[in-house]
Structures are given as structure tokens and as C-alpha cells.
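Listed after this line are the structures, all set down as C-alpha cells.
Shared chain: subunit A. Partners: subunit B in the first complex, subunit C in the second.
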Partner chain A sequence: MSVASRARLDRRLVDASVAMVSVVLIIWTIVPLYNMVRVALQEKEDVFSNSVFPTTVTWHSFETAFRESYWLLANFWGQMGTSFYIGVSVAFLTLAIGTLTSFTISRMKIRRGWMLTNAALLTYMIPMSFLAIPFYSIMGKYGLTDNPLSVIAVEVTFATPYAIFIFKQYGASIPQELDEAARIDGASPPQIFFRIYLPLMAPALVAIGTYALLLSWNEYLYAFLLLSSDGNITVPVGLGKFLNSDEAPWNYLMAAAIIYALPPMAIYYAFRRKMNSGLTMGGVKG
Partner chain B sequence: MAVSLTIDNSALAPIAGRLVKRGGLAGADRVWALAFVTPYVGIFFAFVLYPVCYGLWLGSDPASYRQLLADPVYPSAIVNTLLYLLIAVNLKLFLALLLSGLFMRKGWRMKTLLLIFILPWAVPGIPTFISIHWMLNSQWGLINNAIWELFQTDGPPWLDNSTLALSSVIYAHIWKWLPFWTIIFLAGRMAIPRELYEAAEMDGASSFGRFIHITFPLLASLYLVCTLLSTIWALGDFNSVRFVSGGGPALSTHVLATLGIRNAFELGNPALGMATVLSALPLLIPLVMLLMRQLKKGEVQL
Partner chain C sequence: MTQLSRRHAIAGIGALTAASTLKPRRAKAAEPVTVWWTQGFYQAENQAVIDAMAGWEKVSGTKVNLTIMNGPDLISKVIAAMQVGDVPDLIHAVTGDRFLVPRAAWDDKLIDLSDVIETQKDEFHQTALANSRFYNAALKQYSYYAVPIKCATLMEQTWRPMIEEAGFSDADIPKTQDAYFDFFQVVQDKLRSKGKRIYGLGYSMATKEADSGNLFHSFLVAYGGAGIVLPNGKLNIEDPAVRKAAVTALERLTTPYKKGYVPPGAINWGDVDNNNAFFARQIVMTPNATISIAVAQMEKPDQYYKQIITQGVPDGNDGKPVPSLVGVSPCLIPKGAKNVDGAKALLKAFIQPNNLNTYLKETRARFLPVTMSIIKNDPYWQDPSDPHRPIAVQAGLIKPTMPWWMTYNPAYSAVLSEQIWSQAEANITQKNMTPEQATEEASGRIKAIFERFQIA
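Take a look at the complex of A and B:
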């Protein structure tokens, strides 16, 4: 065989195996998601059928979720509201506290700034669920039982360390001379923070804001433990309640779950580039 | 990002004479710095230090540990936790490392594939874990329906057998987190200078040789940090066990994180729950120390 035809054969083999791996990956990725759609598009009785594809396709369960016309979904939009309120608050507070802290550590150069960095690093390495038990009692002591503020506090606590790392790294690319020049012009620290630091940090703010929003939108354990009344729970907690009911209106659950999954997906795909650059800028974080 | 700020040095020169002294903080600046860090320090004390201390105190009663050791579920939870960490984390990261190489290929096909591949990470975890739980139902789940369609035979009882149920949890974990780690390794690979590969190719290195001699050594410290971090996170993973197997059948697939929550809230014994969680410390502390040391080296940043 000539070298050229040999190379062509090799390339074909590589292309074929890439194609095969791609097909396997697509199936692997899609199956659980397809199952969500399949269940949501069926009538309640058909959920237990033995078919791979929905026997009769109906939008009935989406309609039920939209109109809240099933008792477990009675407050679905209220729960979406709570999830949204918690998510936006967590994003805002994480950005505010994260930028203020990283500004003070790396731009104002306070002594013992390393202590703050280490505190953040330590927090980052505590598995979140390990503190659930003490948090439950402590929130009672703080008088925050069944109050969304308690969930906001927890999520801000666990999102801020990562925010501080990213802001510190991103901030290192902003020349210190800008601050010095502003100082000479008589600018006070808050003026430097708002007029110079924040505007130049915009890309990192978008990445971290999205990260914090998605973190809290997806969070289950703390919302489940700390919120109890129907008016205060978030969507994932509401979805979890389906599992405890004796009936199995699983098409409704999946329809609600799909509606709940759409906003973060839209946000994720819209900010994908910024998120990814934020991630890789920092290296690692889920 | 477009930064268009030019500083005219000559304009600054006159003022430079009465320059503020640099380094250290004085007067008003100090007050501002203090005000700026107060929110974070407050959060750290109120929501990290206090819960940690309270948790340690809650789990300090030897009686809880005796009770824990007498619990037949506890040993199996330890074994499950170790299996879960060893298999799920390592398999996931190894696959992610290989797949990141696939996504280095150019062209719109790979870009599209990456967009689809990223879905499990973009979709919230709870709905997908519930979906996996149902699709593995032995009587009417999607998987066994498909097995019946294809092979006319009954599929295995995925969630009614403890080994299969634990494997299902591991599968769910890998499915959910594989895209994330693939992207991390993809970024790591992109940082490797192309010249290295070109030079190796000139020297006649095979693609396997290039992986062994270039990619892997250069990604080794990133890989180690990812393994440690992923193990720490998986140790605290509650959702995949809770929603895929629910700890069942017959409490045989609990891990420490879910057993702790069960003991504290379902059995109403916070001290026992805290003892369950704290018994993971002999594993967690060395992991954290190793990770800290790796990060101090500065080759990989968080």
C-alpha cells in the first residue's frame, strides 16, 4: 500500500470512530432528558405503558402546570417566584460582598488580607451538605425558620468564596496605576470602587452573577430543610413533594420540571462563553 | 473587553509632589477598608465558623458514635461512600480527560456535539435525577421498555438490587458531571502550546505517544487537583443518592451524607446525624490538606 492511500485509510478509520463515539455520546446525553419529555407528553394512565415512544402525545400536563390545576402544583408559579427571588438576591449579594472583599484585599492591600483569602478557601472546601444539620438549628436561633432569607444566607455563604477567587484573579489584570491616578485626583476608596473597579470587572461580574443565580436556582437540600410552608418553598422542593404522595401524577411533575429547567438552560446557553471563560479563568468549580 | 483609558503622565506631574503616601492604610482609608470587609467577615463568623463549631459540639458525644456503630446501616453506608468516591470520581475524570481530546477536534460538527453534550450540566439536577429514577423502574421504565423492544427480554431490576442501585447512582453522578469536567480539561488542553505537538509529530510520535509524553504530564497537576476537588464534592453529594435510589432498596445504598440527613431529620436525632457526617472527617481532612498543598504550589488555580 502506498503511503498516501495508507494515510487516507487511517483518516477514514479515525473519522469513523469519531462518528461512532459521537453517536454514543448523543444517546448517552439525551436518554434521561428524553425520558422527561416522554413522561410529560403522556396522559397519566399512559405513564405506565410499556412503550419507548409516547403512545398519544398531549400537552395536557403542561396546561395543568400552567394553570396550577392540580393540588401538588397549586402554588407552582408562587414557587417559581420564590426560586427567582432567592436566585436574584443570592446573585446580587454574592456580587456585592465578593467585589467589596476582593477590592479590599487586592486593591487596598489591607494587612492580613491573606486571612480572608484562607477563610474563603476553607469555606470552599467544606462539603455544603455537611453543615445542613447545624444550620437547621442555627437558623432557628436567628429567628429565620421558614424564611427565604435563611436559604439566601446559606447560598451566599457558599457562593462568595469562589466569587472572591475569581474577582482576585480577574482584578489582577486591571493596572494598579488607574487606582493611583484616581487617588492623586483625590478620589476616595468608594469612588475608586464604583467608578474604576466595578466597570472594569464587568465580564467577571456577569460570570459570577450567572454562577450564583444557577447555584441557588438548582439548590435542593437547604431549601428543603429550611423552608416548610407552601408559600415559601422553592420549585425543587415542590417537585420533591411529588415523590412522597401516594398518587403518581408523574406527567404533571415532569411538565413542571421542564418549565422549571428552561430558564437556567436559557441563561446558561446565553452566557455560555462568559461562563466558560469565567470557569477556565478560575480553573475549577461546579 | 475594551478598556480605553489613557493616563497623561505630564498632567499628573504637578500633583505628584503632594502625593499621598503609599502602602499601609491611614485614616479614612482604614475606615473604608474595614467597612468593605465587614459583610464578608460577618458572613464567615455567622454562617461558617458558628455552624462548624456548633456541628462539632453537636457531634462530640461519644454515645452517638456507639449508637452509630450499633446501626447495621452504618457499615454499608461507609462501604457505599468509598465505592461511590473511588468509582464515580475516577471513572468520570478519566472519561472527561479522554473526551476533552475529542472536543479538541475542529469543525462545526464538534461544536454542535459539545452544545448537546453540555446539556446534563445546564439542566437542573433534581428533575434529571427524578427522571433517571423513573427510567430505571423495572416494570415500566424507559430502559427496560427499550430492552424489551430490542431483545424481547426483561431487563434487570435496576433499583431493587443494591449493587445495581449503587451502580445507577454512580451512573447518574457521571452523567450529570461529566460535561463540567470535560470542559475543565478542554481548557487545560487548550493552554498547551501547539508547538509541542508539532515537534513531537516531526519526531514521529504516534497520537498515543503524544498523549503519554505531552498531554498527560502537562495536565497531571490539573488532573490531581480535579480528582481531589471532585472527591470532596462527591463526599458531600446528597441529591443523586436521594433522588435516584433514595438510599434503597432497604437502606442498602445510603452514603454518609444521606444517612446523616436521615438520622438527623427522619429519625429526629441531630447528634446522631452529626456523628454520621463527622465520621467522614478522617477522609475529608487529608483530602483538604493535600488539595491545599497542591494549590499552594500555584500550578493550578481555583
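Take a look at the complex of A and C:
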């Protein structure tokens, strides 16, 4: 066998191996999602059937979730509203605190500003779950248990350090000369912040806003711990109640979970280009 | 510019701090009663408690803030609330008798409810009453720290069409422990020979929640291990009879699993999963700690009346009845509750036999009453046309019963929380230990736990 044909054979073997691994990975990733859809498209009695494909496809579960016509979904849209309220508030507050802090540290050059950034990053060394009881205690003292504000406060606490870090790194790529030119033209610090700093930070804002929203959207522990009443809980906590039911409504659970997954998917795909550039540029000092 | 910006920044932070400062909550003179209640397995259970609370609100004029949450979450949340001292006034935790009350009472975190119990003391079933009495290490005495609301014991649920398809009838189901459970292995073999992929036994064997513990301990008692903890709170695991019972129970539970008579996923089943496997007709029978499986199918008369068989635990291998381990679902009032008087008034009203009966019937009687007069005065409970309820009444209230050992020593609550016996099962099925080795390891851990809970 010639060297050229040997090299061709090797390349084909490598290509075949890559293709095989890819197929395995795709199946590994897709099967749980497929199973979720398959269960949602079946009636309750068929959920545990061994067939790979639904024997009878029905939209009944989605209709039930939309109409809130099953007892565990009786407040589904209310819970969805709470999830939105918490998610949007967390995203907004994280962006507000993160941008203001990074602007103060990097553009106004306050003394020992680096300490604030590093201290914020230190909080990442403590897992979220370790602080559950202290946070529960604090919220109890302030009368905020069973109040979505408590979850917002906690989520913002956890999202902000990462936001400050990314904003500070990203902000370093914006030339200081722009600030100086604006100052010469008589711009005040708030004007520089709103008219120069924020518009140029748009990719990072999108990335961090989406990150903060998804963090709170999928969060269970604090939402479960701090919220109690049916009118205040989020969708993940509401769906958790399915796991205690004797009526095996897995199809309703999956349908509700799919509906709940749609908004973050839409947000991700709408902003994914800006998200990617925001996250990657944040890692490179310009 | 820099000075101006610093001032701006400081002023901004000051304004934000001032705006976000919140005053700590103050107690009011006449507060509502805040109640946390375990979510039911079906809607009627939730509705029953909502109705009961609404009824009491009307009578008492006191508002009830009722929150219903699922069982395991409720207990985690109560423990967190107790640690920080921000607790509800009244808690109903279905598995609270094993996972919550014993150690909370030991730690002196609960209000003594003897005065509430006293109002119905003569009415309560003795085992239910025994299950509500716990040791307080600070006061060095036993007292009532829980009020029993409902009770349950392990029941066996079987699909009649499956045993008929295997060529048997109800009369063929043996009555004694080993023969009873072996029968379902024969049923599986017969069904498999017809091409059905069905498992004979729906044993819960996970190291979580309550069902696997219920099953193991039912076996432990059946094989003579009822004396694992003595009424004086002392551990008795070195007793050869108890040790032999534990080894036999582990052997009899794990061997069918290893032989393929139990679904492989049973080692991960939560409390609801054996029910789901039963409804999906993947298993012929399953032991379950109430008659919830049948009751959930009440609106399907064919299943409720014809297809599902309910039985109590089988007799011992010697043919003598085995005492049913009865657990209660308690109400409790944590120390730090803001409206203890309101909570006690609510409880006293709730456990009036008429009120309790109405509540339990509205829940479709998945659980049993804790007061015997309900059974005697209302024919609903022993209605011979019902194929499930009277059998549960017999097994849980009329035949010999016994309380769980946490009432003697809260250490056993830690044994259950740590799932030591389920872990022993896992050691046999997953790590190939022998039942003797697994029992030895479990008993070592249990002895270490009991060291921490010395009854004075």
C-alpha cells in the first residue's frame, strides 16, 4: 500500500470515528428531549409503554396545561407570571448594579476598586446551596419570606459578581479617549454612562442579561425555600408538586415543562450572536 | 471630575440603601394561624383540608393562612424554618412521625401538646397515641409532641387480572409470609412464558423517602425482629433473634431483586414510583403504605371494585398474625410559633371525631382514622361492599398493631433518615455483600447513632 493511499485510509478511519462519536453524542443529547416530547404527546395511560414512538399522538396534555384544567396546573400561568417577574427583575437589577459598579471602578478609577471586583468574585467560591439557611434567616427577619422580592434579592446577589467581572473586562476594550472627549464637550458622568458607556456595552449587556434571566428562570432551591403559597411560587416549584402525586400525570408534567422551556429558548436564539460576542470579548482585554 | 463622580457614587449608594432598608416584622396582637400542610396524592386530599380550614375560619373568626406543599419538600422547609426561628403556627407532615417530630422533640423545639391530646385521649387508638409520644432530652421526659390526625400501615396491592392470566384466583394467594411473596414469582414466570414483560414483585428498594423503610421493617417484624428497640429506648440489635430477623428480611428482599423478579429501577423509586409502576401494569403486586393505589382509581369502578386486590401483611411463617407497624401522620406546633393558642384551638376542633371523620372521608379515606369511635359509629369504614377500606381498617386498627420505634428513642428516626437498612439492601444488590455482612455493617452504624441519643 502506497503512502498516499495509507494516508487516505487513515483519514477515512478518523472521519468514521468522528462521525461515530458524533452520532453517539447526538443520540445521547437528543434522546432525553425526545422522550420528554414523546411523553407529552401521549395519554396518561400510555406514558409507561415500551414503544419508542407514541402509539397515539394527542395534544391533550398541552391543552390541559394551557387551560389549567388539571389540579396541579390550576395556577400554571400565575406561576409563569411569577417566574417572568423574578427573571426580568433579576436581569434588570443585575445589569443595573453590574454596569454601575464596573463604570465606577474602571472609568472613574476609584481607589482600590480592584478589591471590590475580587471580593465579588470570591463569592463564587461558596456554593449557592451553602447559603440557603443564612438567606432564609435574613429574609425571615425582614418579613420577606413568601415574597418574590426575597428570591430576586438572592438571585441578584449570585448573578452580580459574574456580571461585574464581565462588564469590567469588556469595558476595558472601550477607549478611555471617548470619555475624555465627552468630558471636554461638557458631559457629566451620568451622561457619559448613559450615552457612551452603555451603548458600547450592548453585547455584554445582552449576554449578562440573558445569563441572569436564565439563572433565575431555572432556579429551584431558593424559590422553593423562600416562597410558599400557591400564588407566589414559580413554575419549577409548581412542577415539583407533580412528584408527589399518585395519578402519574407525567404527560402533563412534560407538556408544562416544554412550555416553560420555550421562552428561554426563544431568548437564547434571538440574542445568541450578541451573547457569544459579549461573553468571548469579555475574556479578552482590548 | 473624579471628586464629583465619587460624590455621585456615594450619594447614589446612600439613596439606594435608604430606599431598600426594611423594618423587621412586628408581631400583631391577633394574628391569623399559619398552617403548612402536606400535599395530598390526589386533588380530593387537598380539597378536604381547604374545606376543613375554611369551616374553622367561619366558626372561629380566625383567618387561616394555609400553604400546601409536597411531602419531602415540606420537611426540608420545616427544618430550615426551625433553624432560623421563622416557623408556621401549625404543621401537618405526613411522614413527620418518623422524619421530623422525634428529633425536634428531643431538641426541645416543639410545643408540648398534651393538653390537646387530653381532649380526645380516650378516643384515640392506643397505637396512634403511642406514636405521638416522644422524648425531650432537655426536660428528660416523654410527652406528647404530636397530635395524630390519621394513620396507615403497609398494605399489599395486587392486579387480579394478572394472577388470573397466570392461571390463579384470589383463593390461591397464600396467607403466610414466604409463601405469599414467592407466589408472585411463580405468577411472573407464568406471565413471562406468555411473552408478557411483567415483574412479579414491586418492592421499593431505594435509599430515599419512606416506602423502602416501610417494606423492610414489615419484613423485620414478620421474621421476629419487633424487639429491635426496647420500650425503655435501649437498642437491642445484638439480640440473636433480632439479628436473625434482620438477616432474613434482607435476604428475602434482595434475592428476588437479584433474580429479576423486581424491576431494576426499584432501587431508585421514590414513594410514588411503585404506585406509578403498578398503574402502568409493570408489576403484579406492590406493598404500599396506605390504600392510595386503589383509592386513586376510585372513579374507575372496574379497577377499584374488580381489578385491584387489597390485603394486609401476610401472617408469619408459623401461621400467627404479624403485628402491623402503624405510623401516624401528625400535626405539631413548633416553638417560636406566633399564634400557639390559635393553632391549639384549631387542632382541638380538627380532632373532634365528627370533624376528623368528615375530613378523612373527603380525602377518600386513603388514610385510616385514629379514633375508634369513627370506625364504630360510621358504617362507611367497614362497608362490606368496599373491597379495600374494611381490609385496611382490619389491618391497621383491629388486628394486632405496634408503633414505630422512634417513639421509644428518636435515634431510630435518624436510622430511617439515613436509610441504613435500604443502604444495606443496596450493599447486597450492588456491592455483592452477603446479608450477614450487610446486617453487620448496618448494626454498627445504628449502634453509633444510638450512642448520640441516650435516654436518661
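Please note the rule applied: the second predicted complex is superposed on the first by the 276 of 286 C-alpha atoms of A that agree within 3 Å, B and C clash if a C-alpha of one lies under 4 Å from a C-alpha of the other, contacts with A are read in each partner's own complex, and residues count from 1 in each chain.
Going forward, a residue touches a chain if its C-beta (ideal position, glycine included) is under 8 Å from a C-beta of that chain, and two chains touch if they have at least 3 such contacts.
In this text, all values refer to a predicted model and were calculated from it rather than measured experimentally.
In the three-chain model built by superposing on subunit A, subunit B clashes with subunit C. By the touch criterion stated above, A:L121 is placed in contact with subunit B alone, subunit C being left untouched.
Of the two partner chains, subunit B and subunit C are each touched by A:R183.
After overlaying the two complexes on the shared chain, residue contacts for A:V31 are found with subunit B alone; subunit C is out of touch. Looking at the shared chain after the overlay, A:A132 reaches both subunit B and subunit C. In the superposition on chain A, A:M108 contacts both subunit B and subunit C.
When the two complexes are overlaid, the chain among subunit B and subunit C that reaches more residues of subunit A is B.
Residue contacts after overlaying the shared chain place A:A16 against neither subunit B nor subunit C. Contact with both subunit B and subunit C is seen for A:V47 once the two complexes are overlaid on the shared chain. When the shared chain is aligned, subunit B comes close enough to touch A:P236, but subunit C does not. Contacts of A:A172 after superposition: neither subunit B nor subunit C is touched.
The superposed model places subunit C right into subunit B at 20-28; the other stretches listed in 2-10, 20-28 or 92-100 stay free of clashes. Shared interface residues of subunit A, touching subunit B in one complex and subunit C in the other, are 47-50, 100, 104, 108-110, 132-133, 136-137, 142, 183, 188-190, 225, 240, 243, 250. By the touch criterion stated above, subunit A contacts subunit C in their complex at residues 47-50, 71, 100, 104, 108-110, 132-133, 136-137, 140-146, 183, 188-190, 224-225, 228-230, 240-241, 243-248, 250. By the touch criterion stated above, subunit A contacts subunit B in their complex at residues 18, 21-22, 25-26, 28-36, 38-39, 47-52, 96-97, 100-101, 103-105, 108-111, 116, 119-138, 142, 153-154, 156-157, 160, 162, 164-165, 169, 174, 177-178, 180-181, 183-185, 188-190, 193, 200, 202-203, 217-218, 220-221, 225, 236, 239-240, 243, 250, 253-254, 257-258, 260-261, 264-265, 268-269, 272, 276, 279-280, 282-286.
On the side of subunit C, the complex with subunit A involves touching residues 1-2, 4-6, 8-9, 12, 22, 24-25, 36, 39, 41-43, 46, 65, 67-73, 77, 80-81, 83-86, 197, 270-272, 275-277, 279-280, 282, 292-293, 296. In the complex of the two chains, the subunit B residues touching subunit A come out as 1, 3, 5, 7, 12, 15-16, 19-20, 22-25, 28-29, 32-33, 36-37, 39-41, 43-44, 46-48, 50-52, 54-55, 58, 99, 102, 105, 109, 113, 115-128, 130-132, 134-135, 139-140, 142-143, 145-146, 148-149, 175, 177, 180, 183-184, 187, 222, 225-226, 229, 232-233, 235-239, 243, 246, 257, 260-261, 264-265, 270, 273-274, 277, 280, 284, 288, 291-292, 295, 300-302.
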